[in-house]
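Two complexes, one shared chain (chain A), two partners (chain B, chain C).
Then we have the complex of A and B:
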């Protein structure tokens, strides 16, 4: 009885605590502001923006600006969800690349500026903000890559690529990890500088994407030759580039202004425009991104919004160029007295004339993936530039294929109604035949217990899912949805646009996903269970400490740990290959082959997932009376027998849910694939959920196609879980 | 209790120590990045920090918005409130539903169980926008209440399955005895079943807490003020379009994981030991 009273008071305490929390949750003071501004700035840029807002607010007491910094990862989605429903900002800062999509989707209001005013901005910035004859947003800052160099290694920066190659050959000592130049050669963003320098282009005169133009191929050959001579590092990524430069192991780096923040204090550097491509005599021209302040189409007061936009773009330009270290888009910014344009910003302004504005064409968003895959393939030595770029062009055509024709929704609606009616009739007949009504009335208590959870499930999970899935019957193109019936499903299931064994095919990805799930769940369960069995012994004095240490992988946000694992798998600089080298194993290029890349993903996810299974098993073990095992031991059963004939069967009921759900989660484990292998090589290690994500967000926002993918994922899981349940039943 | 051979004790301990080291090895880089003044991502083979600076932690802890609100304090409070509310609501919803599934027979029971499982198969990609519209219609956008509801309904299916499995292992004799003594269903549920299911409740509580604690996409999308953001949203704002402030992100990752470890440390005595099913038979 003592025990029960204690629990009674524990429940009272819990209730009191929940009441308090509920109260605190409801008091959500909301101060009305007149003008909301969203951005995703950090560091110096954020400081400058806030200072500008503060001085604007001081001089405009009747109009107060309230800024909100949104994490970049959620920013675009937040804007596209909020603006159409009237919860968006009045003005917001974004790069110009999404201009095409967003102006067509009706998220933006165009602005008009007098010719004289307009001419005060750089031409490239004006062009970037023009779309379909209208001018959208005021340009704030120019962002592009340029050439960083370490004067200790490179006393005089190169003017053209011949000079650059000469310097690189003098400096590079690949066996010691020293390189003349380091940059993310596998990223199309950085490669574009060479591509344009070689006279290449992405969109031809007819405004069609043409990745395999001869000049484009020559630019890839140029990088291939640097790679073959080992003048640039293998598998370069942002982290490696920064590390090499900071350790004085890279003479030059191609990177943008944000890189300056990653350079150690004790490393001296300077920045110059990228060299001229000797083969063509044209300067290497990196992509130019124009950051601009846009007006939402739902802005409460357009005049007020415009007033602040002008203030930030024009009056505050000096502040942004000094405190904010921005290469501002205004040609003659008025600087605060006694201040100079920040040297970093000034250097990047020298590059600005030799840049190509990132196309604001909606098609551009489908270019990145095939182009980057082609580059990486060439750098791995798996393909020649011509073949790789031809394949990229083919793939691009698949990704940007025309939308299926519009269909009339009426037959589908009729069919849907018919199905619903049939279901209801079937249910009624079933109830009648099995005396279901009587049973239901008797089970009133059960339903009462079930009600709260069932309500929240239906409202917050089933409803959004049904609405979200309905999108699968539509095709999304530049902000407009058209009804296409089951065309998306047909296209996916018949693999009509690509071969069945192509990594883009649904069936290929499905097989990979199943393998991925099976491998992970097996490792999670065996490892988690083994540890839990070890950690329950009372004689283990430190078991509490071990337990807490072993849940660390679960506790630390996996965004960072997944990337650390990716770093550990780097061919030349990773800890795993360094460890294998002790045993005389040659360095493995983990992300160049399907199986090694797959193994890297599985290793990372096993590390992340075993603590959860361990905790679940620890809990489940409590359901086993200790004396049962002891009895078995006295009967002379060995530890293995004891485990399989006593412990495991007793664990099963409590563990099975975790195994079934664990496999469902692993099936949809997005982060690890996305962050570790990123689908390498050539998209072959993608799983269904990452593929759906790519269709939705990196391949031209084909939401309908992505939703069809998601629906098929759901169906696949349904079949899988029913299959496992039937198997389990047969066994027992 | 029987004496355990010393050799076995040493071997098991040695194995666990090695395993812990291997497990913590990748985390050392997080620590290294958090303690180094640079914002670069550390790739070197050696995960031990060469310099020690607490600047990243100081930056994080001292951040304030334009009105001078102490952001870390607000965001920590928001995170704790949402996560605790999710835990309490989630465990409440799950224990009642799981009890119904475990102790009653009723039409639709099997379908109901499957329905809970099925929700876990919904891919998140399609859910975000409909959820946004729904919360907007309910007037729960930009409120902690809305987030709590979404998080707890996400966590409930696992909790129901887990608890149902555990309830099934608890013998019914005790409950029946109490029933004969005249106790009501609710009394039995609260006084007998729940205390016996403590280990499973701890697992589900920890799980619900984690569901809410680390989520940032929905939080960043639904909330509209910097001081109403949760900690993971603040953490994610160090990840930019082109580059990431890895030093600050790592420091934040450590700060975010400390409460989880503290919670687990506090809960683990309920997870193991204490009440065992052995007591049920008595």
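Then we have the complex of A and C:
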């Protein structure tokens, strides 16, 4: 019945439109519930996770999970900085080891599960996620090392270490680079299997670290004996282990599930649990890492978060065990129809009962460095196990030094304000005296043009600098910053914790840094200049080709250079020792002694840095008029005299800034030291900048101490560059 | 002091570019020889070959009877003054001058004595402790010469040393150079593109063009008896006028062309192989507008350039532009656009072969190529 057709249809249209709008609004509002999930999965695990998330989202239209893959390196740091500020995820996947730190820092929310739910997970997984009586996340997967073996070399895998040693003695032929067992023996992570197998422990009953417990020492002696019999390769690293196994030169490898992805297709392998330690009758028990999904304390909706966590840990376990190839923590996952648990995962599950959960003790992270140093020292034959572990224990105690007492910031702030006021007053007076205001008004537009650049400089340069320097006045401990005044500086400069000739002392490192800089700059300049002079000669054919080739070292990214050179300095498989062997020189253990390790660093950095000096010299040489050298030639000067009396003095004005730049860069050359020698032996080849890095990131995050180091580096370089500038002025 | 002998000196670059095509000449002991020629003629290259800064591709060079092709510069006992002075900027004047001596290990007091002596000769005594950048162009040039003088070499080599100076300074330095040569009496080889410098300084001049020696002779010889058209046109300023004419034998030989007829000395009639057509050369100041000489040339005045005592008359003779240099008082009242008749003495007329460019003179064979 259409009464009033026109009006009627208008009303209908309006009603329909409003209904549509209302519906859209409701739908949007309805779909607004989002849950952010962070993870650092790659490969199969990532595929399985994404599939799980997809099916969860499909079945939960009102709750959408948004996963975000975070690169692994800075993942932990990102979490610790983002969560407290509310920018972090609602839930995230991580290994359990930081649990202690994070729960004390208030980053996590505990979860509660009924007893019978809990029992569906492996005990070791549950234990790993327990801290101070509470349960902190849902376990997803178990990761540990196990024993890989090549059936062609090792038909029957060993049940205990006596059998293992027997097999190793049969197989190993060190002159040909064939070994019964290859694994990263210098890494504490892998050594832990032997440590626990010998009945050792890291933290004693009083919950203190005790690296030099007798059983620990015996485990190190065990590895030392294998080393002495040349049954395991020297200076093993991950790349070497993989290479040996892939070339069929390693019978057995101790490694984790990730290693399977590095094995080439034509190498057959199988995996069994690690053997029993014959001396104790206990199984070698590697570290167990439990990967779990945690809830952020700042999660928007805890119930929703928990719902997804349960889904992923429980319902999606089957998917993760098959597509994701994970050794899931759920004892009986529900598998997708027709699929079996991934064989790789199944093998590692066999090891799971014989593992020790990585301690979530806050001090655990400080253990790695001293323990690894001790192991490597023993492996090189530079120390006996007892001494090495004792020193590691000592180092640990020193590295976890208590924070300096808190001070009141008032006097410092007062001083700062005073300085700022003085600066402003001085600036105003200066402006007045030099008619700066008038100049500024006149050049108004010029200043406007400068403004963007000035702003970016302030934001990118000055602000971080000021913040960095300010941090040096604080001490950072477990997420909290306390003001300590100049205590950090005092402790560094007075070397209160270490003797001056201990590698950890500021002065030791300073001397090494200065030596490092001087040696490099000298070699760069000499080599660069020599090559530039040689490239000048017209009779040298293919000059252009040489020039390009000689620039290449500079063009290659320097961390690649560093890694390649490090490989070349490997004692057993490195190119340098192979080359020296031609001349009958015994293989040198480059990183066992300070001077050889230092030389390795210098060699690498020289290779990297001479092109710069060469290019500068080439340019400066063009500016020298040719007839000056001809006049010198006619005057009777030979090539050497010509160089020193004519060429060099004229090169100086160009070289001097290059040398200053080069020395500042070398002083702070992090990559080479960190990647080539890594500070070996025992941190003696560290330079100031790498030392500062370690204080910040490997020694309990002592940011304040590290910032003080950085500030001191800045001051040192400031003095140096100004000093040379003044010297330059005097000369000319 | 030494004599030099150059025998067929050749210099080739990259096996293709021949900069010196076989130079042969003897330079007497104590002589001031000037190498002159247009840009690219090879004069600087020849000088550098003598110095030893360039390698001689072919030929022989003897200094004082010794073959020096393979000797490096420092063993040839020569000193060189560069166009850009090439003073060591980071050394004081004193050290610049002393450098070569200290390289040879001369004792310090001997060096000081020599440097002081040379500085005195060149008026540099007050400037000994200055740096080159604190000196004027002329002072720098003198330091460069001082550096050469202290060496007491057998031969001095100069590579266009006055080119970078302004005109007035150039004149002054020319005189100083001449005085220097008179005092030292050392063999000097001097390169320039300026023919006035060549004429005023040289005992003998070597004119080069295209890597070949065109003529070697005294300034007078080159001026009065140029060996070919190139030398005739190069030496003398303003340069010689060239016309095309036809030779007429007879008792009074003459050469005539559109607008002119000049007479020649009688022995020109006896020259064998004289081509019918010749190039005629007359120097500007040999054209006389007052009708006091012989022969005629009808020309129309285009531009008059008074240069003081003389005037340059730029005229058109037939189709050819000619220049006459005439005392100004002889042509008072003459204006541009007017006609003028020139006359020339017989002895002032030069003949050149139209193809080869060689001069045609009685008593020497006509060279057609």
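By definition in this document, the second predicted complex is superposed on the first by the 559 of 732 C-alpha atoms of A that agree within 3 Å, B and C clash if a C-alpha of one lies under 4 Å from a C-alpha of the other, contacts with A are read in each partner's own complex, and residues count from 1 in each chain.
We take it that a contact is a pair of C-beta atoms (placed from the backbone, for glycine too) under 8 Å apart; a residue touches a chain by one contact, two chains touch by 3 or more.
If you're wondering where the values come from, they're calculated on a predicted model, not measured in any experiment.
Chemist: For A:493, decide between first (touching chain B), second (touching chain C), both and neither.
Modeler: A:493 contacts neither chain B nor chain C.
Chemist: Just chain B (first), just chain C (second), both, or neither: which does A:429 touch?
Modeler: neither
Chemist: For A:637, using the defined touch cut-off, is the partner it touches chain B, chain C, both, or neither? Pick first, second, both or neither.
Modeler: In the superposed model, A:637 contacts chain C only, not chain B.
Chemist: Looking at A:555 after the superposition, I want to know if it touches chain B, chain C, both of them or none. Which is it: first, second, both, neither?
Modeler: In the superposition, A:555 touches chain B alone.
Chemist: Let me test your reading of the model: by the given contact rule, A:689 touches which partner, first (chain B), second (chain C), both or neither?
Modeler: first
Chemist: Have a look at where A:625 lands relative to chain B and chain C in the superposition and call it first, second, both or neither.
Modeler: After superposition on chain A, A:625 lies in contact with both partners, chain B and chain C.
Chemist: Identify which of chain B and chain C touches the larger number of residues of chain A.
Modeler: B
Chemist: Which partner chains sit in contact with A:645 here, chain B, chain C, both or neither? Use first/second/both/neither.
Modeler: Once the two structures are laid over each other on A, A:645 reaches chain C alone.
Chemist: Show me the chain A residues, by the header's touch rule, that chain B contacts in one structure and chain C contacts in the other.
Modeler: Touching chain B and chain C on chain A: residues 625, 627, 650.
Chemist: What does chain C use to touch chain A in their complex?
Modeler: Interface residues on chain C, with respect to chain A: 51-53, 72-74, 78-80, 82-84, 86-90, 99-100, 103-104, 147, 151.
Chemist: Considering only the defined contacts, which chain A positions touch chain C in the complex?
Modeler: Spelled out, the residues of chain A in touch with chain C are 625, 627-628, 630-638, 641, 645-646, 649-650.
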